[in-house]
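Each of the two complexes below includes subunit A, the first together with subunit B, the second together with subunit C.
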Partner chain A sequence: MNPLLEIDNLRVKYGNIEALHGVSFTVEDGEIVTLIGANGAGKSTTLMSIARLPPPEAPKVISGDIRHKGVSLLNMAPDKVVANLHMALVPEGRHIFGNLTVEENLKLATYARKGDSVPDIQRDYDQVYALFPRLAERRRQQSESLSGGEQQMLAVGRALMSKCSIIMLDEPSMGLAPALMYDMFRTLKQLNEEGMTILLVEQNANLALKFAHRGYVLDTGEIVAQGTSQELMADPEVKKAYLGA
Partner chain B sequence: METGNKLQRNAFALAVISGCVLIILLAQFKVINLYIQSVIMFMGINIMISTSLNLVNGNMGEFSCGHAAFLCVGAYVSSITSVLIMAPNDITGAPFLPPELAVLVFPISVFVGGVVAALAGILVALPSFKTRGDYLAIITIAVNYMVISGIENLSVVGGPRGFMGMKKVVKSMYELADIPWMMIFVALGTIFCVLIIRRYVSSTYGKGVNAICQDEIAAEIMSVNTNKVKLVTFMLSSGLCGMAGGLFAHVVGYVNPQSFNILKSTEAMVMVYLGGMGSLSGAVISAVFFTFLLELLRPLQILKWVIIPFTLVLLMQFRPEGIMGNKELTDVFPKLRKYCRFK
Partner chain C sequence: MEVLIQNIINALQWGSFYALIALGYTLVYGVLLLINFAHGDIFMVGAYIAFFLVIFMLGNIGLDPGITLALAVPLTMILTSGVGVTLERIAYRPLRRKGAHRLYVVITALMCGLILENGNLALLGASRKRFPELLETTVYRFGDVSVTNLKIIVILAAILVFFFLQFVVTRTKIGMAMRGISYDKFAIPLMGIPVDTVIVFTFILGSGFAGLAGLLFAMSYPVLEPYMGALIGWKAFIAAVVGGIGDIRGAFVGGFLLGFIEIGVVAIFPSTMRDLFAFSILLLILWAKPTGLFGLARHQKI
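And now, the complex of A and B:
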């Protein structure tokens, strides 16, 4: 049985600079997997490669493979990754559409769902609003006027509206107050319990490891440690370098 | 939004249509003279030019400054089509069809001009997959020059001397029935153009255009196929502009490559920026206003090209967002919503 998502010896570069030197990891169905590491380790790069975003903003794959249930997606267009494989990226810095309202942002996320019926989509709107009541309150507000935390909720809500089964989160805690951050992770945990597979990239290693089932430690483009969250949290090297203990 | 009855909701559309009919009737009974008629027709053509450019520059956030290239392609292709079919010429000799059919052939030739201009739009759309902003602007200028120089060197269509013969086609329409044909076609073309753009921009597919303008990365992860949306949008924009070109060529009765140079592209851009980026009603209002201004300043002759750019300087200083900003008329006057459906 092939893993849901398999990254096999992936090497990528920006221009002439190699950013990942052979990264391999797997994500199984229903898991929460986290990639932790310092700034510049290649965490966001990995997610952008998986989402197949085009250069120059995203890196170019030189060798290795990314497989979804055993099928390579290296030659797949980014819109197909979302529409056919149901993998959604919540990018670093949120990238919401500032001049659209909350509702319009969510509506845009249904772009991939041409065949779906209106009641189906309506049910998902309701679900997102139930998950994030703050968004429901502000549904007619221009999304650039939202606070940072609300924008992050919108970015996650938008990913959910694209009916994803794998959600890739890039630094969801960035710029959030601790209370909001815990709220966000609680919501993600709830989604995972309902069957969502989560691939999480996070600076806050402590929080990420508490939340995830398994983790990988990236350092300057290579995986230097891996294991279950408990193992990693107990690892003296990881403790010293990333958990600040 | 179910406000008011059907008649009320369509009141705005009815007002526009009756306005057009009124103008055509005024022209028919010679209440307005030929000069005013031609100014009104140029207003219609300018509306088509500015709304189509607004689709690319305003809604999609690209920076195209060679819009006249598509006007030129449309003008030449539709002129050549109609002249080859309907008028005696050097290449095919006698006309293929009797002059009575001019009324049918003319709109078809305008449409053909639009289709070919849309194909020419691919010239800009393909580079736009990889570049945007200033770099794409340079490409659009290059395309503008390519088209003009290409036609200047084609002696079959008159080269730099220009191409004529459309007057005969137009004349045979007037011989069939003495009604203001050109006025009718320009009105139809303008309404067609504005309606198509309105539908496109407010559709779910058209939301992808806005998404590209805002944030291309985010558009990609929202599963917008940015390349396809760019291609469709550029082709739609250049196609509609090409139809405007076809109408323009037949209204004037003569085309010359140099009348589609960078100055014409600049005029189109001025109209878009004056109206407000991404505002369809702004593009319409500014096209009407700009045509009016050009005619008003005509006595100043060449000096008007000092005054009009100067108004642009003032505009950028005091109201950089243009007349309407990115709002529509219904956003500024919410009461209008009762009388027209915008989305």
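And now, the complex of A and C:
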């Protein structure tokens, strides 16, 4: 049985610099997996590689493979990763369309769902607005005017509207007040319990390991430790370097 | 009073031409941040496409002028969009793929315009083409004011196109993607939207309406020559900038504003002063509001 997502000895270049030197990890269906590590360790680079974002903004694969249920997705266009494999990336900095309303942002994310019926899509709108009532209140508002926390909700909401079954989150806690941050993680946990697979990149290792089932520690482009969250939290090296204990 | 109304109608007609061309500059800029300097020449190619279609339909097939016009409108728009999409495909997209700086793409656009002009010159020679009459001119008189049916058609076409585009960008997903891409290009593929589809759609709209403008212009001023798109293209571009490039309302307001200024200058001063005065006034507007009337200084929240 092939894993849902398999990163196999991946080496990528960002400009002229090799950012990942042979990274391997897997994500199984229904899991929450986290990549933790310091700033510049290659966490965002890994997610952008999986999302197949094109150069120049994104990394270029030198060798290795990224497989979805055993099938390589290296030659897939980024929009097809979303449309066909149902993998959504919530990027660092959120990248919402500030000149569109909340509702228009959500609607854009349904672009590729041509085969889905109107009631199906409507059910997803209702689900997103139920998860994030603040978005429902602001649905006609220009999304530029949302607070940081609301923008993060919108970014996750958009991923849900694209009907993803794997959601990749890049630093979702960044810039959020603690209360909002815990709300966000509670919501993500709830989504996972309903079957969503989550790949989370976080600098806040404490938070990430409490939330995830398994984790990988990335250091300057290499995986230096891996295991279940409990194992990693108990690992003296990880404790010292990332958990501030 | 009659002179004033007459001038307003003429200003609306010229403003319509400028607006129909300006929107192509503004749409492409909104999506790619590219000033497509070949756009004036796409308008010229549109006029020639209309010319050959009309000659073929009237002469070779022997169609009735009314039917010819009814067919020429959609066919000219489709074929001219093809020209715009081809330019995008063979000239702009390869540069974009290689991550070339925008400056080089703008220079490429300038060259494409020159290639279209000189290609036309080489292929068809320097002789001017006379556009056949398709529409029997009807003159409506209201006191001393006279309006031809063609002028009314031109003005109505511009207004219809405006409402059509507003509908597209506010109500359809592809239109929302066009607006979204101008704000954040990075996130478009993350929504499952192929960026190239949005870009091609933008060129289809811009070039298609340039083709419509070419046909209507050829019907109004029925002499065609290879350089006919150059000056009107520059003027429409400036109109788009004054209106606020990237904004559809800006293209229309800028286009009509330029029409009114030009006709206004000619009403008072000798016509040789028209362009000097018109551009000086536009310069003053930009001086006061460098981003154009509808333009916003862009700032992004982190």
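Everything that follows uses one rule, which is that the second predicted complex is superposed on the first by the 245 of 245 C-alpha atoms of A that agree within 3 Å, B and C clash if a C-alpha of one lies under 4 Å from a C-alpha of the other, contacts with A are read in each partner's own complex, and residues count from 1 in each chain.
Heads up, the rule we're going with is that a residue touches a chain if its C-beta (ideal position, glycine included) is under 8 Å from a C-beta of that chain, and two chains touch if they have at least 3 such contacts.
In this text the structure is predicted, and so the values were computed from the model without any measurement.
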Practice problem: Record, for the superposition on subunit A, whether partners subunit B and subunit C clash or fit. | Solution: clash
Exercise. Using the touch definition from the top, say if A:Ala112 reaches subunit B (first), subunit C (second), both or neither.
Key: both
Quiz item: Of the partners subunit B and subunit C, which touch A:Leu100 in the superposed model: first, second, both, neither?
Solution: both
Exercise. Could you say whether A:Glu237 touches subunit B, subunit C, both of them, or neither, answering first, second, both or neither?
Key: neither
Quiz item: For A:Asp29, is the partner it touches subunit B (first), subunit C (second), both, or none of the two (neither)?
Solution: neither
Quiz prompt | subunit A positions touched by subunit B in one structure and by subunit C in the second | solution = 51, 53-54, 57, 77-79, 82-83, 88-89, 91, 95-100, 104, 107-112, 158, 162
Practice problem: Could you please specify the touching residues of subunit B with respect to subunit A in the complex? | Solution: 204, 207-208, 210-211, 214-215, 217-218, 220-226, 326
Quiz item: Once bound in the complex, which stretches of subunit A touch subunit B?
Solution: 51, 53-54, 57-58, 77-83, 88-89, 91, 95-100, 104, 107-112, 158, 162
Self-check item: Residues on subunit A engaged by subunit C in the complex (per definition of touch)
Solution: 51, 53-57, 77-79, 82-83, 88-89, 91, 93, 95-100, 104-105, 107-113, 144, 151, 158, 162
Quiz prompt | Residues of subunit C touching subunit A in the complex | solution = 99, 173, 176-177, 179-180, 182-184, 186-195, 300-302
